[in-house]
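Down below are the structures I want you to see.
Next come two complexes, and both contain chain A; in the first it sits with chain B, in the second with chain C.
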Partner chain A sequence: MKPNKLWAWIVFGIGAAYFLVPLIATFEFSLKMRRGYYSFDSYASVFSDPRFQTTFGYSTLIGLFAIVVGILVVVPAVYFVRLRLPHLRPLMEFITLLPLIIPAIVLVYGYIRLYNSSSIIPFTGSALGTDVLLTCAYVTLALPYMYRAVDTGMRAIDIKTLTEAAQIMGADTARIITSIILPNILVAVLSGAFLTFAIVIGEFTIASLLNRPAFGPYLQNIGANRAYEPSALAIISFIITWGAMGMIQLLARFAPRTSARTD
Partner chain B sequence: MSDEHFLRVENLTKTYGTTTVVKGVSFDFAKGEFISLLGPSGCGKTTILRMIAGFETPSRGSITVDGENITAIPPNQRRLGMVFQAYALFPNLNVGDNIAFGLKVAGIGRDERRTRVEEMLKLIGLPGYDKRFPYELSGGQQQRVALARAIAPRPRLLLLDEPLSALDAKIRVSLRQEIRAIQRELGITTVFVTHDQEEALSISDRIVVMNAGDIEQLGTPHDIYNRPATRFAATFVGQLNTLPARISDAAAGQANLGGRTITLPGLPSGIVNGAEIGLAIRPEMLSPVPRAESDISLDGTIHDVSFLGSVVRLRVDLQGTMVNVDTFNDQSAVPPSRGDAVAVHMASRDLMILPR
Partner chain C sequence: MRAPPQSRRTMTEIPAPGRPIRRLNLEWLGVAPFIIFAVMFLILPTLYLVSAAFVGRDGQLTFDNIAGLFTDQILAAYWISIRISATSAGIGAIAGLAITLAIIRGRLPDALRSAIMTFSGVASNFAGVPLAFAFISTLGRLGLVTIILKALFDIDIYRAGFNILSFWGLTLTYLYFQIPLMILMIAPAVDGLKREWSEAAQTLGASSWQFWRHVGFPILWPSFLGTLSLLFANAFGAIATAYALTGSSLNIVPILLYAQIRGDALQNPGLGAALALGMIVITACANIIYLVISARAERWMR
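Showing the complex of A and B:
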């Protein structure tokens, strides 16, 4: 083995250990609920907790809404900016990066000030209103990822020519977006959707400060009060997040194919 | 009346900022004509086509199709068909659904759509290809599908923007004949944009020769090739030799060409004695052997011989002026070789006078 290759392996090994050792240790600990031998008791305990089911269900639902709203906002916006206002793209890049720069805590305090029950738009006055606000907050948090996923998807196809080809055959804008643009960027949109889901499912700050029964605050609560279940939950969240990422990888195989052949 | 003036473009102008790229162009075509817009890169061909399609708004002027002024109508209500240079098939749809797209938009029922798709596939010579996806087709096949997709909804006008330029030379030639045959069969009025003069000459009913946003000449391929109206049209379309000459007697129509006095038919007015002129002549009008109509002969040396297949092109040095002489290939004759002395014969009536 060449020495430089050896060094590459050593660096890789250290990196891998950095990620894997805590993971393995957590997993090992989560199996130790019974004294003396390994068992999945902590997992059984987590899954049978009704609060696990309700909070996980709640966060999944909010996540789905956030995905739908995110797609409805981002896809037409990216499409029109690319097609008609390309000079606005740098501005769009900047705006979609803001959620990465502004901490969630700032965002949520802003929301509470702006939409509290004594304001003109009292979103936080009712549970449903707060759910809507939480969904919007998650759309914002996921914006950097959704925007980039959709933008990459649209870069891969010639949206101008495809739009014109559909237009000259009589199609209107709604039909062009739904039957030509969206199907061709579906893989990109889905990867944005999985990223959104991965963000929403474990989010703590906003859900907690808006006092909604989401999965993130539940995780925190269990972590503060139990011994083995937090490790089990950590492993479960890890699997969900990686499952979402794995789906993105898998979907990339189904991206639309074009061919500029000359024969 | 509208069949004679099926496509009417009047004073069409397009200005981007301070530059005018289409300068008040007008033309008028009959139903079923195959028209080519021919000109060098950047002369405004695509801009004119896109204004007809509705993708660009004219700064001035009007476009009328079948008696209807469409200048202000959005592209999706113009009922036109268009084929793009970059194929532009919808990657998510198979061939059948691509062709059926316009029919579906028009609200045509499923069964009729299927019949029409089959008809179209037969017309373009790809029967049974409806379940294939665009990436599974060669470039030529993709472009044929794009053509089928454009004509399936029976548009009033078919617009083609350099549909062949992304293809290899051989397919380019066969596909252009195919496009022409399909166009004839359907009788669909077609505007074809190209910068390839051979392409335009070979398939058009009429050609619009353009330069810098203006029409240089509009006519049949025969007219344009044999009676170019401007110097630009003469040099852009086909090969052309230019021989320098000097007017010796304007009144008698006489000029001095390589030391001989020749008589020119139809000398334009305003040319004075001693004026330098260019005499243009096509390579196939020059001959190394005298022909019945030949009345001028000039001596020269063969500089180069290129064998082009059915044509053998001689590059001849006529006392300092290089000219191309095209002769038909003759299997029984000994081919001429470099350095041979040759007499080049021509008829004065074939000479075109170009002001210098």
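Showing the complex of A and C:
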């Protein structure tokens, strides 16, 4: 099978060129702010912009809330469905697939029309309410990934035996979930959390249409008004995404390998 | 301490009808937040929009909004959206499959394989506004590739008719997340092509071409088609990249809907809802194709 290798390397080379050239070009462009020689001026300009700091801080905060809410919503549901209500599984699978079917822009349009300031639950009536709505929108966007991460994590451990053992020791259900199940699926939950963060941090559509001062709309605004800062921001965003994905890879090494017993 | 001892053995079993109510409450209490969340933030907003598409300004049931979609501007928007999604999905699927085959069947070094898989995870999430910035720096009027092509080969791609703000510009940009997504989705299927199968084919005297013609591609075909429809839906709903790249100059459905939400550009909320309904119908069709085909494809994954 020697000749096979050549075509594989050619395909790899073309692919590598397509994926690396834009990164190199963006990096090179981000260094050109000062005429004549390369400098990191565009990065300095970005980091010293107070709007960068506030919008990035805001998106990070919303992202953290989205992670917490996502865990609270998904973990107990997956636990009870796996343990006691397996007939609900197809429904859960279907619901968690919906955010992939319904485009984000359609979802946020629905939110704006349904939860306007004159409705029963006027989320968009106040800034705080809109923040809550934005958090929930991000939980929804990340739902397919959070669900799959947690579900995979629970499949890998024997939750029936763990639950029985904990009950014999006298633990109640809240305690079983928080101090038995959660630590055992921590790696899976954290993977879901980092993926949520990667999706949320630069999200544009929903934040922009809800009029919140998030990082995504800030990026778009800079893109429309500046020359060199956008490429610096693209590199920064790429590094953040890489960091989140890298954490998931790193965590995967610590995942418990003790799968459900077969004996 | 509080768990009644007699429930120990039954905790892990499916409760038969007529079990004590307290226990039923507990498990439903755990699932309830999920259900309430899904109803509030997925199902109700969608149903609300779908029903709003059939309500006229006067509050009466009407099909005018749906009929209103069949104007030149809106049909053109759907048509460009469908073309961009289909083209980027098609090229992305073929290129992704080629790269996956190269790393798995072409026996590239293991380290390279895991590097590509990691990179795919990053690139498939590197969408939105920053991706648009990256491609402007690459293929924009002052982009590195544009300048190098002009300086070294005297090729002015902009004079040749290329524009990053055009159909092909957007398609080329979308490929940056479509190809990695394809690699991530199709890799398990390519892994599932057992080495024994190609060895068996070789033993029986089949050429490499015959193996792929009669064994390899027919097995990969369902996964390929399924992922293709997922890529289509993925591109169809995307807006941030297109908006950052072209502003509102490219008339695609998500940008039209964005303008409608922002400032009632169509001057008819019902028509806006109908536009959203059209998007849901198209992405839902693509996903239903994916679900049906992937259920069929799983037979070969055992």
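In the analysis below, the second predicted complex is superposed on the first by the 256 of 263 C-alpha atoms of A that agree within 3 Å, B and C clash if a C-alpha of one lies under 4 Å from a C-alpha of the other, contacts with A are read in each partner's own complex, and residues count from 1 in each chain.
Here is the rule we use: a contact is a pair of C-beta atoms (placed from the backbone, for glycine too) under 8 Å apart; a residue touches a chain by one contact, two chains touch by 3 or more.
All of these numbers come straight from a predicted model, not from anything done at the bench.
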Which of chain B and chain C A:K5 touches, first, second, both or neither: second
Which of chain B and chain C A:L128 touches, first, second, both or neither: neither
Touching partner for A:I168 - first (chain B), second (chain C), both, neither: both
Contacts of A:T205 with chain B and chain C, given as first, second, both or neither: second
Partner chain(s) touched by A:D158 [first = chain B, second = chain C, both, neither]: first
Partner chain in contact with A:I120 - chain B first, chain C second, else both or neither: neither
Which of chain B and chain C A:P183 touches, first, second, both or neither: first
More chain A residues in contact [chain B versus chain C]: C
Chain A positions touched by chain B in one structure and by chain C in the second: 164, 167-168, 170-172
Contact set on chain A toward chain C in their complex: 1, 4-5, 7-9, 11-12, 15, 18-19, 21-26, 28-30, 72-74, 76-77, 79-81, 83-88, 92, 95, 97-114, 136-137, 139-140, 160, 163-164, 167-168, 170-173, 177, 195, 198-199, 202-205, 209, 216, 219-220, 223-224, 230-231, 233-234, 237-238, 241-242, 244-246, 248-249
Chain C to chain A touching residues, read off their complex: 1-3, 7-8, 11-12, 14-15, 26-27, 30-31, 33-35, 37-38, 40-46, 48-49, 52, 95, 98-99, 101-103, 105-108, 112, 116, 118-119, 121-123, 125-126, 128-138, 142-145, 175-176, 179, 230, 233-234, 236-240, 243-244, 247, 254, 257-258, 261-262, 269, 272-273, 276, 279-280, 283-284, 287
In the complex, chain A residues that touch chain B: 157-158, 161-162, 164-172, 175, 180, 183-184, 256-263
For the chain B and chain A complex, residues of the former touching the latter: 53-55, 74-82, 84, 86-88, 90-92, 101-102, 105-106, 133-135, 137-140, 142, 149-150, 153, 159, 166-168, 171
